[in-house]
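Please find the structures below.
The two complexes that follow have chain A in common; it is paired with chain B in the first and with chain C in the second.
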Partner chain A sequence: MRNYLNSSFFKVLIFFYSFLISNSFADDVRIKINSGQVEPLPIAIADFTGGEGKANEIGRQIAEVISNNLVGSGQFKAVESAAFIAPPTSPSVRPNFTDWTPLGIKALITGSVKNINEQQVEVEFRLWDVIAETDLIGLRLSVNEKSWRRVAHIISDEIFERLSGDSGYFDTRIVYVAESGAQNKRLKRLAIMDQDGENHQYLTDGSFLVLTPRFSPTTQEITYLAYFKNEPRVYIFNLETGEQELLGSFPGMTFAPRFSPQGDKIIMSLAEKGVTDIYTMNLNNQEVVRLTNSPSIDTSPSFSPDGKKIIFNSDRGGSQQIYIMDASGKNIKRISYGQGRYATPVWAPKGKLIAFTKMFKNTFYIGVMSPDGSGERLLAKGYLVEGPTWAPNGRVLMYFKQDAPIDDGKSSSVNLYKIDITGFRETRVITPSDGSDPAWSPLIPN
Partner chain B sequence: MNKNIIALIGAVALLSACETASQKVVTGSAASSSSGSASASTSSSVDKSKSLFAQAKQTASDKLIAIGDRVLFDYDSAKLDSSAKIMLDAQSRFLRANTDMNFIVEGHCDERGTREYNLALGEQRATAVRDYLVINGIDPDRIKVISYGKEKPAVVGSNGMAWSKNRRAVTIID
Partner chain C sequence: MGGFKPKCLQPEAEIIKNRQKESLAKGILNTLAKSQKKVEKNKKDKKEYNNTEILKKIKKIAGNSNRQVQQTEIKLSITDINKIQNHVKKFWNVSYAASEVKMVITLKIRTSVDGSIKSVIIYDKNLYQKDKFYRATADTARRAVLDSSPLPLPKGKEKKFENFLFDFDPSFITNY
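Presenting the complex of A and B:
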């Protein structure tokens, strides 16, 4: 089997250069959109010009993917190319800015694709600040033409970062559980795809139940729960070899796994004799440490990005709530004090927020709050919404959602959705069949 | 052409397709296949004894269902109520009368909870049943528990009736 995500497989050296303007000036003209702006920023994305034939087609597709990424983020609005007064000819040519200002466009993206040889193409782009009449960033790269899609994601990330001030999240993947069949005979398979739904592949064949996959922060591995031979246990799936490995040897069900921020441990629950507690297992020396010891349910643990704290779900106080403790298991404190029950806490990559599922009066919610429990904000709701996962920039959440049944006998379909945590634009992530338990990858290493 | 644009040179190959994973269990055995699958050799007598075994299992299974193979629970609870205990008393008599058989108690939840919490709750429910059967004199080595959380509803539906029937622990023959 060939490598799937081997990082050395994709060797790209990227150099960025912000030209014509000094850095301090660049900060002044940067267009800020990360402060609760409601109106998406109008931008124009010209087809990447390509000379003849194949390069031209690749140029058109790259522009389309960039547009879908940026518009899909909810932060940008792409002005139709039909409205362009004079389509740009080349990224190296300074555009006539007065052609763009009347359309209300704030930023312009131009680019080109050139054939180098049979397989290689050279892709170049430039981002222009229409108001300041200057260019903000440029990039040129030579790649195998078949990798045009990934190039489009890398360019999208650069544009997003330059315009928003936050790092991008487009050159990433989603692992999730693909579902099919009747609700009482559900077939569930691990599946992986690009964040925009492309390059979809199944990782397991559905012969055993799989749940709750999560990416390693450091390796091309996924941890998840599999009912292999009807014994629910935590496994590790290696994306490079396609092999899955049972994690440890435990007397009861292990579940709710997540990697530690350094990728060297799995934190998870072990259920035995009616008691569910939280454990870590060191992947290097197999050392198992028990962190909680209560007769209640302690599950859904998630490390803080610095590895010093753990948030988890527990019913130790009588109802399902979110708690925080030290990485040692000491100093356990409840943090959720709103109305209803709270579950599935997951710490944001940048550490300032946690996302959660909340249940109140027969409605489910996805929300965020500070790790001390303050500042709760609810972002999405539904008959069932569950299991938020963070984009690596900590700005977008993905989760799954099931609408209320249309007639009482049947269940509605289950789908993946994403939302910007400023609360805008909940969008469905299209999958070939029903989907649940999404997990966002880190940015793919170059 | 602005000479200041710095080139990026990269050799890129298409990410290859990854076929469905091969299954390789490295550590321990998640899979002690303890079901009654005869170590199959060749003869038809093996097939026959297999089918006789399957028949006996089916008959016993039907009997267990007739006695009552499941108990129901309140929302977010793993507590056995008095009617559940009466049911489990009858199950105990059946288990005592069939000493050649082992059993699995499956714990289940309704769909109105989160997945991981429900896995734990299903395990509590199955364990509550197992503990009761053990108190009634059943050898603990004869009873395994497994939780399916909200993964295997008995009744498909998003209404109170379906939910109440899905909050259950079901005893089956191993």
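Presenting the complex of A and C:
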């Protein structure tokens, strides 16, 4: 045998054989596909099956939340369950894919809810690729039945990540300014809710005016501006403990405090003696550093995700435009050169885009551009659209929109909206009262 | 008369018998001699047979390989390629997160003569396991190929598409 293996014939044979194997996928026919569509993916979300009435109801609600989340992202199109040919199946059962392909469905979600005891339920799901006829991901969670909504958000995040590659953003919260009452006696309270508008809570009682809440990118903390006895103060509110800390009182006007990417500094603008400049405050030692020093109005600063750059808006060139500078305040350079005025720039979490508000010919716009000012795209417009905030994955923006005032002189309503960065799908986020100035949280820690 | 015949016949029969015996003996000897030669020849032939059979097999394989080379010499026109590209790209529905994928996604394709897809294999399994953006985008490419079955293969050139590669390049998705 050994001699046979060493024989020249065998070597020749191996050579020819390996030659053929390597050429079985001859790369002389190699076709490049370099264009396609960026359209919502048709998916089917079957009601999660449940053993009993309560589990069944939870299963139906979970499927509904997942559907709302995925469709709201602008990346998925849910096929109506009325069109389903086959009834929902347990996630452990391989579906009959031919029941789903005629509906144009590319991905199918099946799931189940089982009662473990009076409080606990076991939720399981599986994501199927209907075209490749394979399962892509599955998960089983045992949770308190009252947490079913959060479970639905976690499952949505898993599905979103598996089908797009991006991290999800559904298990997150929004803090915003809840507005109510007449225009001349407006009550502005700090409020928080899930990103889909559920689990709404007020954080302040309205006894003082609150403005510009911003989430810490690293902790479940919020910074915001409050007017206490007409004096602007910057506070930090810890959502886990409910404790509130006063960072400082600032004479004159203070605007738009925002966390640094590491969460160790606050960047804001302060108005003093008719000029508004940008400052940072170190949260560990309260040290305040002035970054700009010009006779113009410099405001709305936002750090780049790596903390090395800052964008802000300024009228130093004659009209309100977006500028970029080093974190030290040096090398200031204008980046917006389109028509109109630009304001409230916010750097995306991934660093590739900057969201902004634009004003041109009595219309407001929400748009995005690259940090060098190129590639400007306008996503939303209205009588007043302002205050964009990024979802933690940098794919969705939330902002507030006000309709034109009604003739009777009363203020028109102000509402929160979100839109994906293709501009494909704009969705209103329902709040109990008017809402403005939203800020998106990072993913909630497990 | 009655005894004559046998007498007459006997010697002739004996002669014939003897001749038959002799020829039989000679035949046996010849057969033995021939079979002796045959054994020797068979041994030689067996050696040669082993070699020639392997050579024949190699030639057969080499012959096939030559045929493959000859087949690939059938030129595909730009129109042939464009027709397939335009067909498949209609089915490629990709997420804008594919802008994070900085390379082409190669798929190994096997088709039937009628253009129907027999199999799609994602080439870089390692990256498929490691990189979530690559994995999701490779899945969209696989769906595109399966959805686009049958492919509009150029007539007379179907053999060239028995095994071939698709390179999906998501770099057209920018600014997201």
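Quick note on the criterion: the second predicted complex is superposed on the first by the 400 of 446 C-alpha atoms of A that agree within 3 Å, B and C clash if a C-alpha of one lies under 4 Å from a C-alpha of the other, contacts with A are read in each partner's own complex, and residues count from 1 in each chain.
The definition used in the following text is that contacts are C-beta pairs under 8 Å (C-beta built on N, C-alpha and C of every residue); 3 or more make two chains touch, one makes a residue touch a chain.
In this text the structure is predicted, and so the values were computed from the model without any measurement.
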Message = Quick check on the superposed pair: does A:370 touch chain B, chain C, both, or neither? Answer first, second, both or neither.
response = second
Message = Once the two complexes are aligned on chain A, which partner has more residues of chain A within touching range, chain B or chain C?
response = B
Task = Tell me which partner A:75 touches in the superposition: chain B (first), chain C (second), both or neither.
result = second
Request  = For A:320, select first, second, both or neither according to whether it touches chain B, chain C, the two together, or no partner.
outcome  = first
Ask   = Counting only touches as set out at the top, which of chain B and chain C does A:205 meet: first, second, both, neither?
value = first
Inquiry  = Which partner chains sit in contact with A:305 here, chain B, chain C, both or neither? Use first/second/both/neither.
reply    = neither
Task = Pick one for A:197: touches chain B only (first), chain C only (second), both, or neither.
result = neither
Ask   = So, A:395: does it touch chain B (first), chain C (second), both, or neither?
value = second
Inquiry  = Quick check on my understanding: which residues of chain A belong to both its chain B contact set and its chain C contact set?
reply    = 9, 12-13, 16-17, 19
Ask   = In their shared complex, at which residues does chain A touch chain B?
value = 1-5, 9-17, 19, 92, 124, 126, 138-144, 146-147, 150-151, 182-184, 186, 188, 190, 192, 199, 201-205, 209, 211-212, 225, 228-233, 237, 239, 242-249, 252-253, 255-256, 269, 271, 273-274, 276, 297, 299-300, 313, 315, 319-320, 343-344, 357, 359, 362, 383-384, 386-387, 404-405, 408-412, 437
Message = List the residues on chain B that touch chain A in their complex, please.
response = 1-2, 4-33, 76, 78, 111-117, 119-121, 123-124, 127-128, 131, 146-147, 151-159
Inquiry  = Residue numbers of chain C touching chain A in their complex, please.
reply    = 51, 54, 57-58, 61-62, 64-65, 68, 72, 76, 81, 84-85, 88-98, 100-101, 104, 108, 120, 132-137, 139-144, 146-147, 160-161, 163-176
Request  = Would you pull the chain A residues touching chain C in the complex into a rising list?
outcome  = 9, 12-13, 16-17, 19-20, 23-39, 41, 75, 106, 129, 131-132, 136, 161-166, 353, 370, 375, 377, 395, 421-422
